[in-house]
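Below is one structure, written out as structure tokens; the observations come after it.
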């Protein structure tokens, strides 16, 4: 359920989506700390780059999960309520994600 | 200066490179925690996706700094020492980074 | 207006969108022929790679135009008609575009 | 073998590399013409986007082949001849390819 607070829209997510997103971010945070540890242990460049590629992949999959949820809930609801500006909003973020 | 420990090569970085890489990772870690906070505060999907795009950009620039240092030190030294397998190693990681 | 032929859906585009898409593809086709010419004239590698990056950017912008049109016409219409599988279809293609 | 013509470096490629690169570009050119045909036949948006994703993948693999050849010939030779600016040149193009 989406509410418009003073300046930003918010979105109440169901517990399952909430838990999944937090779990993914916790893992990514751990991976970043792991890479810091590699630098601290003088790890070799290509080994570090391999780990960073894994973090980028994890972020990309986080994006896809969030985007799919957004489209199946907010975008569908907005379109049914005639708020078609939701498509412009979606396109704006896709411009960034489709580098 | 690069040493081959039992199974993994290591690389002693100069203090400036070391500090820059750690600083970048600390900032990325902070950004990830910030996104977790957004989820906890029921932030709207596209606002979260915008922040994740910023983290991906920060990771990409971390990669470029590390890659440039790697090429200007390890790859140049290896080629001068006739260890041309360094190019295969570099190409392997570029395959991942050039999705 | 979208019709379902025997196995594939088709889409009648308005003349303006049609002309723009064809114009973009003609230009991309010309760029590819230009790169072939560079190879034939023994052009240097990085000069060629620079041109290929320009083609990738042109393809990416072609995708964004097509995607925006698709969302503002087919996806909005389908959702209003209760055909929410259009979102799964959109997500499937976004998975490919969001490498 | 690389010569510096008046303003641009050129590179004489071995017949095998030359044939492979031209073959790849011919195929990509054909794919672009195929996509034009899809637009002319009012093909559905997501079917077109799927084909464009295939062209992007083909361009990406063309880049990797060209880059690997470049590194194993021009970059190795330049470094052995003490022309280390070749690394800056390589990094400049990687910045574009590592969007």
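A few comments on the model shown:
Note that the chains take the letters A, B, C and D in the order they are written out, and that residue 1 is the start of every chain.
What we mean here is this: a residue touches a chain if its C-beta (ideal position, glycine included) is under 8 Å from a C-beta of that chain, and two chains touch if they have at least 3 such contacts.
Chain-to-protein mapping (UniProt): A, B, C, D = Metal-sensing transcriptional repressor.
For clarity, every value in this text was computed on a predicted model and none was experimentally measured.
Taking each chain's centre as the mean of its C-alpha atoms, chain C lies 20 Å from chain D. Per-chain Cα centroids separate chain B from chain C by 32 Å. Multi-chain contact residues, meaning those touching two or more other chains, occur in chain D at positions 60, 63, 67, 90, 97, 99.
If each chain is drawn as a node and touching chains are joined, the picture is one closed loop, every chain linked to exactly two others.
Across the assembly, chains come into contact as A-B, A-C, B-D, C-D. Considering their complex, residues 60, 63-64, 67-68, 71-72, 75-76, 79-80, 84, 87, 90-91, 94-95, 97-99 of chain B touch chain D.
Within the complex formed with chain D, the chain C residues making contact are 2, 8-13, 18, 21-22, 25-26, 28-29, 32-33, 35-36, 39-50, 52-53, 55-56, 59-60, 62-63, 66-67, 69-70, 74, 89-90, 92-93, 96-97.
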